[in-house]
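Per-chain numbering from 1; labels A, B, C, D and E assigned in written order.
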Amino acid sequence: MKALPSLAKALAWLAAVYAAMFAFDSSGLANPYWLQVFELACITAISALGLNVIYGFTGLFSLGHAAFYGIGAYTAALTLKSLGVESQPAFLCALLAGAAAAALVALLVGVSTIRLTSDYLGIATLGFGIIMKVVFDNADSFIPRLGGARGMTGIAKMTTLPWAFVLLGGSLLVIRNLVHSSYGRALVSIREDEIAAGAMGIDTFRYKTAGFVIGCAFAGLAGGLYAHLYAFLHPSNFDFFKSVDVLVIVVLGGLGNMSGTLVASFGWVFLLETLRVVLPPEYVEFRWVLIPILLVVTMLARPRGLLGIGEFRFLRGGAGR
Amino acid sequence: MLIIDNVNVYYGKLHALKGISLRVGEGEIVSLIGANGAGKTTVLRAVSGILAPRSGKILFKGKDISGLPPHKVARQGIAHVPEGRGVFANMTVRENLDMGACTRRPGREVDESLDRVFSRFPRMAERAAQLAGTLSGGEQQMLAIGRAMMANPSMMLLDEPSMGLSPLLVEEIFHMITEVNRAGATILLVEQNASMAFSISRRAYVLETGSIVIKGDTDDLRNDPGVQSAYLGDL
Amino acid sequence: MILEARGLTKNFGGIKALNGVDLYLRRGELAGLIGPNGSGKTTVFNVITGIYRPDRGTVNMDANRIAGLAPHRISRLGIARTFQNIRLFRNLSVMDNVRAAYHPSVPYGPVSAVCRTNRYLDGEKAIGENVTELLSFFSLQDRRLEHAKNLSYGDQRRLEIARALASGPKILLLDEPAAGMNHSEVEKLMGFILEARKRFSLTILLIEHQMRLVMGICERLVVMDFGEVIAEGTPAEIRKDPRVIEAYLGHRPAGDTSEVRD
Amino acid sequence: RAQTANEIRIGLITPLTGDVKTFGESVKNAFEMAVDEANRAGGVAGMKIAFVVVDDRNDPTEASNAANLLINRHKVHAIVGSVTSKATIPVSDLAQGSKIPAITPSATNPKVTVADGKRKDFMFRACFIDPFQGRVMSRFARETLRKEKAAVLFDASNDYSKGIAEFFGNDFKDLGGKVVAYESYGKDDVDFSPLLTKIKASGADVLFLPDYYNKVGLIAKQAREKGIKATLIGPDGWDSPDLVKIAGDAVEGGYFSNHYSPEDTRPEVAGWVKKYREKFGQTPDALGTLAYDATNLLLDAIRKAGGNDPLKIREALAAIKGFKGVTGEFTIDGNGDAVKSAVILRIVDGRQKFVKVVDP
Amino acid sequence: MDYFLQQVINGLQIGFVYALIALGYTMVYGVVGLINFAHGDVFMVGAFIGLYAIGKYHLPLFAVFLLATIGCAVLAVVMERVAYRPLRQAPRIASLITAIGVSLFLEYFTALNQVFGPNFYSFPRPFAVSSWGPGDISLTNIQAIIFLVTLSCLGALQFIVRRTRVGRAMRAVSFDPVTAGLVGVDVNRVISITFGLGAALAGVGGVLYGIAYPQVNTFMGVMPGLKAFTAAVLGGIGSIPGAVLGALIMGQSETLASAYLSSTYRDGIAFVILIGVLLLRPTGILGAAKTEKV
């Protein structure tokens, strides 16, 4: 009976964190601006963790992550709108619907393209991202509520700090537990050497697809949170360049390093915003000149990721050590 | 000809060569043997400039070449036949050979080198237009040596030329090495197959975990009980 | 007869890598596959393990037709292998290399893993114990946390065999296990292969160019040339076969390491 | 930034980086001019105006963060911005939620002020909305120019372009015309030849190009090179001195709707153009002019509110009637949108010539 | 029929423009294995050099091309030095990320008022447009120039790579940089030359693009860059004729999708075709099918 305590412990932690966050959130101590930025960082981290499962752990080069983020966002927003109730359980349903939709589409895309290797897979997913952007741009012609290029409005603001934080914690927990299990090792072995993995009895096609689907599901989940944080969806939020942003985060954090992804996500989002705050007014336009310079310099200094291969303690280790 | 003096090489934190010194005289064939991971390949890589030693000197014909980039070392007249052959798989045999002469001005002398390679390895002449990647292992090894000959080097570094080759080819390769040597190239030979290596070289060094532990004439080494049991087997 | 291949043919573009190869393995034997470079030995392994699909021919294992199945299916039927160019999971620890190979028989489901149920914990423990046992047998226990890429060449070869055994095979295919090893290392490897066969009740087929190993431990040899089997028999018979001498061994008696200096 | 109680803080959200930086900059220039003028005249309602400019890179997420920053960190009393609809909608939501009045100079999507049937009563705008311009130009094409067959070429990923295109197309049909080609391109396209070849084959006699001048210039040029003779018409996005520079003769004879005519002799217009030229060395474009008006509208409301109370400013904004700006007389309607007449201009000899006024 | 032929010519024009950019991508990828995301921005710089050379200094056309080629080549060589070379030993993805960084930097830096500025600048035409052709079909002199220049660049590149010593060295480096060093190839120099050559093509492309679509802006390189890169992959990345073929297919599929299907869904359709081709030929049309020898 060791499992129960372990699971209970994790849940208790999450509950405690939720309570703390809830108290903090409602205390009014936090500046709503930094709160929103923090929530965005959590959401970005969830999505980036998803890409880390895909690219960092399974080794599949995906340049279309934002499309799945978008699918999750639009699905969740549409679900909650259709449910017509703005309650917490309905929100959870909407988020799950977003994740499920992203996973389902990922399954279809994965089954057909996952055979491609490295850069060719990257291009196929990039292509898929562009196709999805065209679909989002014209979504109003089949579902008017989605708004198409004019954007989807009237989305309830449901995402709160506890939601974002607890779902990030939950995602970390799920991914950590998965990675430190035989299933995770199967994914990683495919990344390391697909032929050898196959020769050892691992169904590479199935696991690659699974890794892709799981990662995209997290993107979908994050998308749902995003939709209900910003209450407005526009196709330009889900274009190729947003996919590149997530890729940058994952690589900066270090492939296959969850702590790094976490640090890089928060670093990226906060860097963008902090520059907005600290740059003197006449240098506002230098914000996007500095960011790429910082990016290049960081990459040159830490080519294998911010944290190398180190993980935070709570993300380390499986049961078998 | 080649003097390696107290050279230290690191891979990150790993101290791969711990103050190695060895020398190869003009016209000699010298073997370097040792267990897996002893650092044999590392020695050759340090000489040819792929790795820069952290300290120590490498002198070639009296000139300090330590720390020079590989292409400059190559231009000094050192040709390195790397571990695993390293032929350019998507180029033809002929192009591979031309690559060997890329430090030289095209002209009569290069043509002569080519003739020499072709006459020594008639198989290469037959296969001149074949892509190197489709050659058999032994043929690739021939090509790698032929390519090194194209530079008309005064010194050749060979890294485990017999690895993965059939017994017949191993014999051929060793024969080839002696011929190359006779044609004027000094040779530093790294081998696992110590008995074969000893059979063509007069002097040898034994490397263990980054240090030279034994050196001497092959005739003496052959009778050294330690060397015998570890590298030669009971004859 | 645990494995039987008939009429295997495989072309790569214009190259006939295999040209009607017949091959069998008796249960529990240790057989050797030799032949000149490029004669198709590795290709035979690749076809048996499903990495290539043969153009023609069948492979039967215990009466299952396996030619054309995906590699993981064949592996699950009980064939494991090592590779000529070592293919370890280079950035994984020694232990994880072996643990990954236990995956096909993982005793818990993904949901258990995510929730860390008892099944998961017990399963991990069981896998851990198996791995420990296997690694101690291969004397790799001390290096279990090292990344595979940091092992010495010989250790890497051994780890690859350990990993192959982790999938619980009946048949083990070894592709040049002694390549790049020196005399004493080959010697150790030979003892080790024999012991592994006993301990894990294996049938072994190995490819090797080092005659000392081949002649020393193989009970039966198959010789290939130009994608065809040209001879078969005991080491003693093969050593004398003129075609094999012509194509492969050369005129020095096999295993002889005396001078070639003229 | 010293925060004295006795000042009015206004935030400007505008794209100062990214691919529409050029629009963002004219808006910023105009905004700063308006504020400077007010401060030099002793402030508004007895208070100095402090302002903060934040960049949104024309990205909805960034725009939302920017608005949040202005409201919650800089504690602004009112916001001007943003420039495009996709960046302004998130701003409108935040302004509404925090009860801070905001006015956009140029976001034309109806959803900026009214979404899903709900009026966001803290959000205002100083420009036309898409349906209005679409209707103005369709009526002009049908009734004044007497065109039968219209072709529409628009940017499907740009809400401004797409919105106007739709309204134009529908109205043109309602007025008895035929839309013989209705084609779209992407944001970064520069080669329109397949579409123009198609349009040429359709025999259209009028080609409606709802987009900004830079795109229009390129399209017009290629259309003429393809031998399309149809009359070119478009919305206010055409208004920029650069249009003729890019397109040359290609837009000669084209018509577009605008907020004002630079030929207008009203002192507001002449003064504005002169001031702007003196300061920045170029003629102001439509976006800059609208930003100037939007800022002045806001300042006027503050003046009327008599202080920096956001609620009162909102009241005053909603009550604006007959405000005389550079781009005409503004009256804010129940939706917070500016009601004002449009003018139709024609490009003759590379200059904008006034044709007629169209009232809403 | 006229309509169809005209659309094909339209498609050829944009296809050849993509081809010029795609060649640069493929060169660099072929030799160093790097997707040089900043290539589209080098192309932009080429166009701006053209803008200044023609608009401000009224140089003759050949001088404009020369200046753009040299300018871009120098820029690319510096880029390689600063942002890619230090990462030669690092995982490939690291240099991809610095390439993204360099790309963003070039876009946003040049958009500053102190540099090129953020506006859309009209590109002066150095000559008048004329067109020939029977009936409704027309072929303009600009198109003709684009076709010719692209084809000659293709020929020149093929010649350099296949027939010259530098080209052989490039191929050697692409296969195995370490061994190439051992036989005496100055690997760094060869890589610099590769970047320079690729960028020179982008420079030519930038000027031609400016002439054909007479408007430049610092973000103009993004989309063509992305499309060209996709085209290079479609043709089989690393293959020089493949890049041109891929680009032509890309141009045709975009054009014909607009012409006969739906302009709204054009990009979607073009990329569906791309994915379809990749599923049939997983390494692009002319890409060498790399079955790894096990």
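Just so we're on the same page, contacts are C-beta pairs under 8 Å (C-beta built on N, C-alpha and C of every residue); 3 or more make two chains touch, one makes a residue touch a chain.
Values in this document were obtained by computation on a predicted structure and should not be read as measured data.
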Next item on the list: Quick one: how many steps at least from chain A to chain C, stepping chain to touching chain?
Entry: 1
Next item on the list: Would you mind checking the shortest number of contact hops between chain A and chain B?
Entry: 2
Check: Among the chains, which is located farthest from chain E on the basis of C-alpha centroids?
Finding: C
Next item on the list: Consider the two chain pairs B-E and B-C; indicate the one with the greater count of contacting C-beta pairs.
Entry: B-C
Check: Comparing centres built from CA atoms, which chain ends up most distant from chain B?
Finding: D
Checklist line | Between chain B and chain D, centroid-to-centroid distance (C-alpha), Å | finding: 74
Next item on the list: Express in whole angstrom the distance between the two chain centres, defined as the mean CA positions of chain A and chain E.
Entry: 32
Checklist line | Between chain E and chain D, distance of the C-alpha-averaged centres to the nearest whole Å | finding: 36
Notebook entry, point to check: Counting only residues that touch at least 2 other chains, which ones in chain B make the list?
Noted result: none
Item checked: chain E, residues touching no fewer than two other chains -> 108, 111, 264, 266-267, 294
Check: What positions in chain A touch 2 or more of the other chains?
Finding: 133, 138, 195, 285, 288
Item checked: Pairs of chains, among all present, that meet the touch criterion -> A-C, A-D, A-E, B-C, B-E, C-E, D-E
Item checked: Residue ranges of chain A touching chain D (in the complex, touch as defined) -> 31-33, 36-37, 40, 133, 137-138, 147-151, 153-154, 157, 230-237, 272-273, 276-277, 281, 284-285, 287-288
Notebook entry, point to check: So in the complex, which bits of chain B are touching chain C?
Noted result: 33-37, 134-139, 160, 163-171, 174-175, 178, 192-196, 199-200, 229-233, 235
Next item on the list: Would you pull the chain B residues touching chain E in the complex into a rising list?
Entry: 48-50, 69-71, 74-75, 79-80, 82, 86-91, 95, 98-100, 102-103, 147-148, 151
Note to self: List the residues on chain A that touch chain E in their complex, please.
What the structure shows: 112-113, 115-117, 119-120, 123-124, 126-128, 130-131, 133-135, 138, 195, 240, 244, 247-248, 251-252, 255, 285-286, 288-289, 291-293, 295-296, 299-300, 303-304
Notebook entry, point to check: Which residues of chain E touch chain C in their complex?
Noted result: 294
